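Everything on this sheet refers to the single structure shown next.
We call the chains A, B, C and D, going by the order they appear; numbering starts again at 1 in every chain.
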Amino acid sequence: MSTADLLRDLVTANRVLAHEGVVDAYGHISVRHPERSDRFFLSGSRSPELVTLDDIIEYDLDCNPIDLRGRTQYTERPIHGAIYRKRPDVISVVHNHAYEVIPFTVAQSIKLKPLLHTAAGIGATIPVWDIRDSFGDTSLMVTTAAHGDDLADRLGANRVVLMRGHGAAVTGISIQNVVHTSVYLKINAQLQTEALRLGGEVVYLSEGEIAEMQRSAPGHARAWEYWARRAGIVG
Amino acid sequence: MSTADLLRDLVTANRVLAHEGVVDAYGHISVRHPERSDRFFLSGSRSPELVTLDDIIEYDLDCNPIDLRGRTQYTERPIHGAIYRKRPDVISVVHNHAYEVIPFTVAQSIKLKPLLHTAAGIGATIPVWDIRDSFGDTSLMVTTAAHGDDLADRLGANRVVLMRGHGAAVTGISIQNVVHTSVYLKINAQLQTEALRLGGEVVYLSEGEIAEMQRSAPGHARAWEYWARRAGIVG
Amino acid sequence: MSTADLLRDLVTANRVLAHEGVVDAYGHISVRHPERSDRFFLSGSRSPELVTLDDIIEYDLDCNPIDLRGRTQYTERPIHGAIYRKRPDVISVVHNHAYEVIPFTVAQSIKLKPLLHTAAGIGATIPVWDIRDSFGDTSLMVTTAAHGDDLADRLGANRVVLMRGHGAAVTGISIQNVVHTSVYLKINAQLQTEALRLGGEVVYLSEGEIAEMQRSAPGHARAWEYWARRAGIVG
Amino acid sequence: MSTADLLRDLVTANRVLAHEGVVDAYGHISVRHPERSDRFFLSGSRSPELVTLDDIIEYDLDCNPIDLRGRTQYTERPIHGAIYRKRPDVISVVHNHAYEVIPFTVAQSIKLKPLLHTAAGIGATIPVWDIRDSFGDTSLMVTTAAHGDDLADRLGANRVVLMRGHGAAVTGISIQNVVHTSVYLKINAQLQTEALRLGGEVVYLSEGEIAEMQRSAPGHARAWEYWARRAGIVG
């Protein structure tokens, strides 16, 4: 895939995440440069639903823009830079504040875990990172490399890390993959909340089932076509 | 009704199920061939909201396509084939992952039961099938005839069977009937969840009431006209 | 107001009730004839969102159509006839299955009561009618004068009566008034459900407050203009 | 900013509040006159989604219109006048009945508190005002200067005051600021409700974190652009 096609997918992904309620005024998605693993692409500061090709900025892994051309930047780009530095396997990163997920970041007696087969991509273990543990009272924003590194450490080898009082960072091996994981992270959070309230034991996916599903991972192309059409992208 | 008209209804049903939130990127509806009870029609692999007449594939009851013409197939078509083989009375089948229903597939201390008069079509007894019981760790997908037969056995003579961590299979005597049952399965699940949370005793429909309603079954034509119009189908 | 203008408002009310989620495929609204108190107007059998002037049928209070012209009728028109017979003060009646209200019809340990000032119109006392008490196992449908009379008796002098496993009948002194009461019945049910779940004591409106609000009743014109515009009616 | 531009923002704010579900048929937003601190602007009586420039009325702080030109007035304008009189730092006021917030006004065992970083603007302390405490049985409407003064006293130096069985009054240092606070008051109420239901301890923002966030307050321009576009305002 050419870089131009990849950037078009990045714009589509911004709109899909907005349309599916994963992001609102805030949140962002980046993708690693396909030809230079020490670079990534991320929109300038704009709500995802409004992002166009002209908003996309190229960054090095220290989050310095290659050619800013006067555009405003997201203050939380260190989330992306830190994860790309520590996780060479990660190709795309979403940061979001999906409303269904937030309660699991503050009600720490209960862990978010996959129970729906299409949500297996979120992984068996989802750690929660609290910026207060290392940095005390802050604005909760990930604005420095130190914040980003601390978050990436807590993510470890998992696919998703929750951020207390704030949201989540989601990783994937492609734009389509990280969008799928982000949408079903949100849906699984909603379903787990409802299932817990019905009372009694809840059956979660087993480790073996998660491994099977991550291996087969059917239907990403079908979902991508569907979400793009719903977001008004044709073709 | 001609086969051509039936297939147009099948396309409409796909859009209705999407518009009413019964299916999202995933899920499907099939109908038995009106002239050959050993055949059925099902879309190729596409999200229901996007299905058109060109996507409809004819299958034998072992789920072999009669004339594939290069189209991609749903991997879970054995759900449909198995039910049509075991249940000659069934004319149409929906497989869906409606979010309101999923919690009842994993919180097994509570049974989904009809409490709303328009939901009587879901029947008094709704079994839950867990693929793990017979097949151990899988991707939860119904991809083989053995999976399908096991599911159809659990369905038995009922109208609906829930699938743990996955969704439901719904049966009916026509496309309109199975769509109505699927929509009200979702609504009844939502209302039962809310009623249980209000506390105290919940009054469910009695067996006698369910029998009365299934006999009268008013309003299917009215609902079908309404849902089709909402889904953008005119005529 | 001329009868022609009143019928236009009746059509608008059908669309408003659909757009605000008070009714779905089912439910209906009637209005008493302004020149003949022994007649009322009600649509033929069609989902409220699709109702047009041509669908409106004139009825006597025994629910006989004056001039049917081949149109299909709602089977539950006895709800309307019975209330107009027993309650000369009632000018308009809504029958609906709003999802937020249904749980209060089956979880009989908790009573629906107004807590929001704009919901005072639902009244301090809202009885629940169970068709099973007088008629045993039925389809729950109000299809005979005997059913209707029993329901109207349970309504008594109140504004709203809930129907177990079915919905509600709402009365008002005008189309605008009954629509307002129906919308806020639904909203109050939703808010009461949420408030109860927060735990502790819930503060409801006092009898004195309800009386004050029913006397002042501000904002019906503002709400009607707003809802009509949202439902696509301009004028 | 010219007064003309400010009034255009006031119209935009009305539409944004409606589109984001902060207000429905009821609720209003005002702004202090930029050149005369003893005046403010507020729409005539109309649902916020329908407000246009022609609806905007200039008031003195006793809520007398400067030039009414036959327009109908909101009966609850004393909410705005009283707050502008007592709080010279306040530039804009929203009164709303957001559904997510109402339960916290009647379930007084639980306090609404910020847990999401973008909701820090609602402040650490949110008092609840009950009109019944000072005035006994009323219509709950704030229709006199005495009502308004009592409410403003309860607000004190805080940013938000809840009104029992009614809604909230929200204050800000600009139109954009008070809209942001109003939207996230609603979202925080929803998330707090969900987090409490998951059980166990909920982690709220600390006083230090709230202070940090109120100091940095990033992203208001981004959110305003997004909300305005969603509400159909281009430019």
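Just so it is clear, contacts are C-beta pairs under 8 Å (C-beta built on N, C-alpha and C of every residue); 3 or more make two chains touch, one makes a residue touch a chain.
The shown structure was predicted, so the numbers you read here are calculated from the model rather than taken from an experiment.
J.: Identify the chains in contact with subunit A as well as subunit D, in label order.
T.: none
J.: Between copies subunit B and subunit C, are the contact residues mostly the same numbers or mostly different, with half as the line?
T.: different
J.: Based on the averaged CA atom positions, which chain is farthest from subunit C?
T.: A
J.: So what's the Cα centroid distance for subunit B and subunit D, whole Å?
T.: So the centroids are 46 Å from each other.
J.: Calculate how many whole Å lie between the centre of subunit A and the centre of subunit B, each centre taken as the average of the chain's C-alpha atoms.
T.: The separation of the two C-alpha centroids amounts to 32 Å.
J.: Got the subunit A residues that touch at least 2 other chains?
T.: In subunit A, the residues touching two or more other chains are 196-197.
J.: Which pairs of chains touch one another in this structure?
T.: After working through each pair, the chains in contact turn out to be A-B, A-D, B-C, C-D.
J.: Quick one: which bits of subunit B touch subunit C in the complex? Just the residue numbers, please.
T.: Those in contact with subunit C are residues 115-118, 187, 190-191, 194-206, 208-209, 211-213, 215-216, 218-219, 222-223, 225-227, 229-230.
J.: Could you please specify the touching residues of subunit C with respect to subunit B in the complex?
T.: Where subunit C meets subunit B, its residues are 24-26, 45-47, 49-50, 75, 97, 99-100, 102-104, 106-110, 130, 132, 136-141, 164-166, 193, 196-197.
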